[in-house]
Amino acid sequence: MTAFPSLADAVAALVRDGDSVAMEGFTHLIPFAAGHEVIRQGRRDLTLIRMTPDLIYDQLIGMGCARKLIFSWGGNPGVGSLHRLRDAVEHAWPAPLELEEHSHAAMASAYAAGASGLPCALLRGYIGSDLVGQHPHIRFVECPFTGERLAAVPALRPDVGIIHAQRADRAGNVLIEGIIGVQKEVILAARRTLVTVEEIVEDLQPPSPNTVVLPHWTINAVVAVPHGAHPSYAQGYYGRDNAFYTAWDAISRDRDTFRAWMREHVLAARADDTVSGAAVEVKQP
Amino acid sequence: MTAFPSLADAVAALVRDGDSVAMEGFTHLIPFAAGHEVIRQGRRDLTLIRMTPDLIYDQLIGMGCARKLIFSWGGNPGVGSLHRLRDAVEHAWPAPLELEEHSHAAMASAYAAGASGLPCALLRGYIGSDLVGQHPHIRFVECPFTGERLAAVPALRPDVGIIHAQRADRAGNVLIEGIIGVQKEVILAARRTLVTVEEIVEDLQPPSPNTVVLPHWTINAVVAVPHGAHPSYAQGYYGRDNAFYTAWDAISRDRDTFRAWMREHVLAARADDTVSGAAVEVKQP
Amino acid sequence: MSGERVVTRGAGTTAYTPTEMMTVTAARALTNDDVCFVGIGAPSAACNLARLTHVPAITLIYESGTIATKPDVLPLSIGDPELCATALATVSVPEMFQYWLQGGRVTVGFLGGAQIDRFGNINSTVIGPYDHPRVRLPGAGGAPEIASACGQIYAIMRQSPRAFVPKVDFITSFGHGDGGDHRRRLGLRTAGITLVITDLGLLRPDPETKELTVTAIHPGVTRDQITQATGWPIRFATDVSATPPPDSHDLDVLRDLLARTARAHGTTSAAGDGST
Amino acid sequence: MSGERVVTRGAGTTAYTPTEMMTVTAARALTNDDVCFVGIGAPSAACNLARLTHVPAITLIYESGTIATKPDVLPLSIGDPELCATALATVSVPEMFQYWLQGGRVTVGFLGGAQIDRFGNINSTVIGPYDHPRVRLPGAGGAPEIASACGQIYAIMRQSPRAFVPKVDFITSFGHGDGGDHRRRLGLRTAGITLVITDLGLLRPDPETKELTVTAIHPGVTRDQITQATGWPIRFATDVSATPPPDSHDLDVLRDLLARTARAHGTTSAAGDGST
């Protein structure tokens, strides 16, 4: 059953040092508030998984939470580099960062395979790319009917899946709308799941029977965190803070500036205890 | 570009003797009107593809249109047998019928593989089932990472895909809502595509950005056929005619009764020429 | 239920039919935490009765893509409008089979079938040889992967020697194969058939041999009746319990449900056998 | 465009910058029948300019899942709210890559990149060795499969010796490999890169060798400028045409679009390089 703990309690119960953690949201609904709580709780040796690392992973990496990054595009969208990610890769600061690198097509399929209970995904992909050979996670199989050589990647089954969504009802069912990315897949693929939402409502009121709704029994903890996706956005609630994405370039370029910013804006803040504490039951893998 | 021909012209242009034809709609939105036009035009040697053959395929088979059936569940839902299907399989009447038999999981995945441009689909399926070995289309591959043995089935790429949907706009974009089955997959997997709709509207007005909308460039012909899914149903337009499904048991049990019914209700009828004729451009595979 | 004679009368309770006994007993096997993949017909009647009585929080899923559906009347087909209209969400059929069933999200698969054998294998494909069948049945539908992917499987079938056979003509859905650790040897990690609910009693696989064995008998039913209704020399567990009879609330809710259903469909009953 | 000097003035037309020339020329390559997979940055500016001028019926797809989107301002990222709000439909990212891209529904992939080589291979991964990169670039994103699955690829990049190199440090997205029939030998059935639009002219692969060759030169640009801006001894086709200059309508629409975009984002330009 879904619990409604505080964000601090949810992260404490669900995210452990050494875990593989996927925080997803494709430009839209990126779970910044949850990521900040992971930073505040000082998690270490995480394998961070995300198609587009974005600023939240730049922050986690810069604060030394990560040992490894599984990703497919690591930039500040429309702005340039993720400087903390580059500093970790190019200069091992604050720690070395192992990379496991995909294409979007492969990584999206790997999440879908994880959600589907399959050990691997097939795709017509990576043809002629130098990514093949860099990594043992790209292999090839033959179609048993046509003989065609197809790329295979292992399914992604994160220890923890974290997303932000528009709203939940009091049973813990969660509605996502707009650019839905791989959010459904990461929740179904992960062993433990945390969803932050803009609001908790009496009635989800999905506009269509085919609206993406995650049933409560797929989620360990739901936490109401209004504005929890800022500076990314929540369609129907607030827009993307493009100016902050642009400003991040200067903030993150220098190590000291970055740390000062994190101290002031993340470490000094407290997670909103918007819902009083409740035990989080962790489902078995 | 999508054309808006009459139903007769659309079927004449898109369905040819010997084609593999998938008419889909999972209980909901079954394209009966289009199937009836295929019967009226006397198509022969079709390979009919459909997860749940339902009454429309019972009629096509009983009228001698089919040479082969690719399917995963062939009954009259909640009522009993499809007598024309059984008569063809058990007594080769009116003609022998070759069967290629799947499970739902495999067939749904095979459509998805067809839509995905893959030659085959993998699933954790058919384990211990006698369906394996009956058919060369069920094979096994090893996961290149775990060594697990996974079932593989060839992708379904029908020559023709036919569905019924709620509505289209004047550009030919099509909206489907409710039980959406494998309708999107069959349209994306097929070489030629025909969609009948309840109505053509100025503005599709999808209730959500994530509503299933098929862009006009995936469809060769759109035909407005109000009630075109009867006796199945169109959510938001009319309900399922469960009484007819029950009545079909008696109609179809006897060969002569069946033929008399078809003469009166299908052969004597004409396709509604609700939209004046227009050339149908057939996209290249 | 019309046409079926009332043959049982529980002590001090309302009269009920064997089919009602079967449906009520099947409903009682479910819990509020179950996520249940529901076959049409008898499984659907049992699962919805459970939802309307003791397990209101149960999640019912139909293979048409409807998740957490709460139909007010029983669907005639696996995709009736009622299922979508009352569901929490409706997904595509590929997603249903890939993410929800194969993804391991379902705790119980509730199946019917034409034939079941000593080791819980189910046939819904053919009677007689596959290439020249005496009877061509509807086929697999979702059943083979329901049988392998759900946490466990409950089957509900009227007991008769034609339906309960030593070995099915065709294994559509693998139960325990030849018994023992056959599932494990095929790499299956799920429990498979753990319970068969019939109109006469309950059968469960023997913990070691996996042979279906009688573990409970419905009120008024004799061991001999069960033996006569089974196509193999059926065993009885050491401790055979007596199934509690339906209470009047169960029966009231079931009969109301079936009456609503009949009115809605214009038929006498929607609890017959059907798709998986 | 601010900060860039106006260096070209077409005969009798409005003054324009090399970047404007590049964007307008790229837009002209598209047709109304194209289904175009759009990279962020320069490709996005060109594709939307095309839609707002001569090909209003073009279908633009962004990898965030937005199909047939008609943004009023250019998105800063690949998933700005504007893209979803103005799309015909928004699908999940797995569906986008599986059904729409890999499914072969896209006629043109419009890419940018950090480096391109003589045979149209594109690098967006690393400068220097992979394990000890001098510069770590954002990585593949959608590009490897865009490059293999779309009917053909157009690339748009400012021409310089650092960007146009004899051989890329890392092939993120396969163009024509070592040239000739390399694509066919790998089983690729799509055309790959057929056009590179730069601020100096147009490059197309030689029909036989697949070496990128200059086929058109922008007004006011010299052959020597192009040679200087290319990291390999670049060839010129037998018939090199003169690219027509942008007309004032193109420029008006482009400048309005960029001005609206700047107002919306609070930045001076959204046409910079970005994700695939």
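As written, the chains take the letters A, B, C and D, and residue 1 is the first residue of each chain.
To be clear about the criterion, contacts are C-beta pairs under 8 Å (C-beta built on N, C-alpha and C of every residue); 3 or more make two chains touch, one makes a residue touch a chain.
Treat the numbers as computed from the prediction; the structure is a model and nothing was measured.
Any chain that touches chain A and also touches chain D is listed here: B. Chain centres here are Cα means. That of chain B falls 29 Å from that of chain C. Rounded to whole angstrom units, the spacing between the C-alpha centres of chain B and chain D is 40. With each centre defined as the average position of its C-alpha atoms, the distance from chain C to chain D rounds to 58 Å. In chain B, the residues that touch at least two other chains are 112, 117-118, 123-124, 148, 178, 180, 184-185, 206, 209-212, 235. Chain contacts: chain C has residues 84-85, 90-91, 98, 102, 149 touching two or more partner chains. Viewed as a network of touching protein chains, the structure does not reduce to a path, ring, star or complete graph. Under the contact rule stated at the top, the pairs of chains that touch are A-B, A-C, A-D, B-C, B-D. Those residues of chain C that touch chain A in the shared complex are 33, 35, 59, 67-68, 84-85, 87-91, 98-99, 102-105, 149. By the touch criterion given at the top, residues 1, 112, 115-118, 173, 184-185, 188, 206, 209-213, 215, 217-218 of chain B touch chain D in their complex.
The touching residues of chain A, counted against chain D in their complex, run 26-28, 51-52, 71-75, 77-82, 85-86, 89-90, 101-106, 108-109, 111-112, 123-131, 134, 148-149, 178-182, 184-185, 233, 235, 239-240, 242-243, 245-246.
By the touch criterion stated above, chain C contacts chain B in their complex at residues 40-41, 63-66, 75-81, 83-85, 90-94, 96-98, 101-102, 121, 125, 130, 133-145, 148-149, 170-174, 177, 182-183, 186-188, 264-267, 270, 272-276. Of all residues in chain B, those touching chain A in their complex are 117-120, 122-124, 137, 139-146, 148, 150, 152, 154, 177-178, 180, 206-212, 235.
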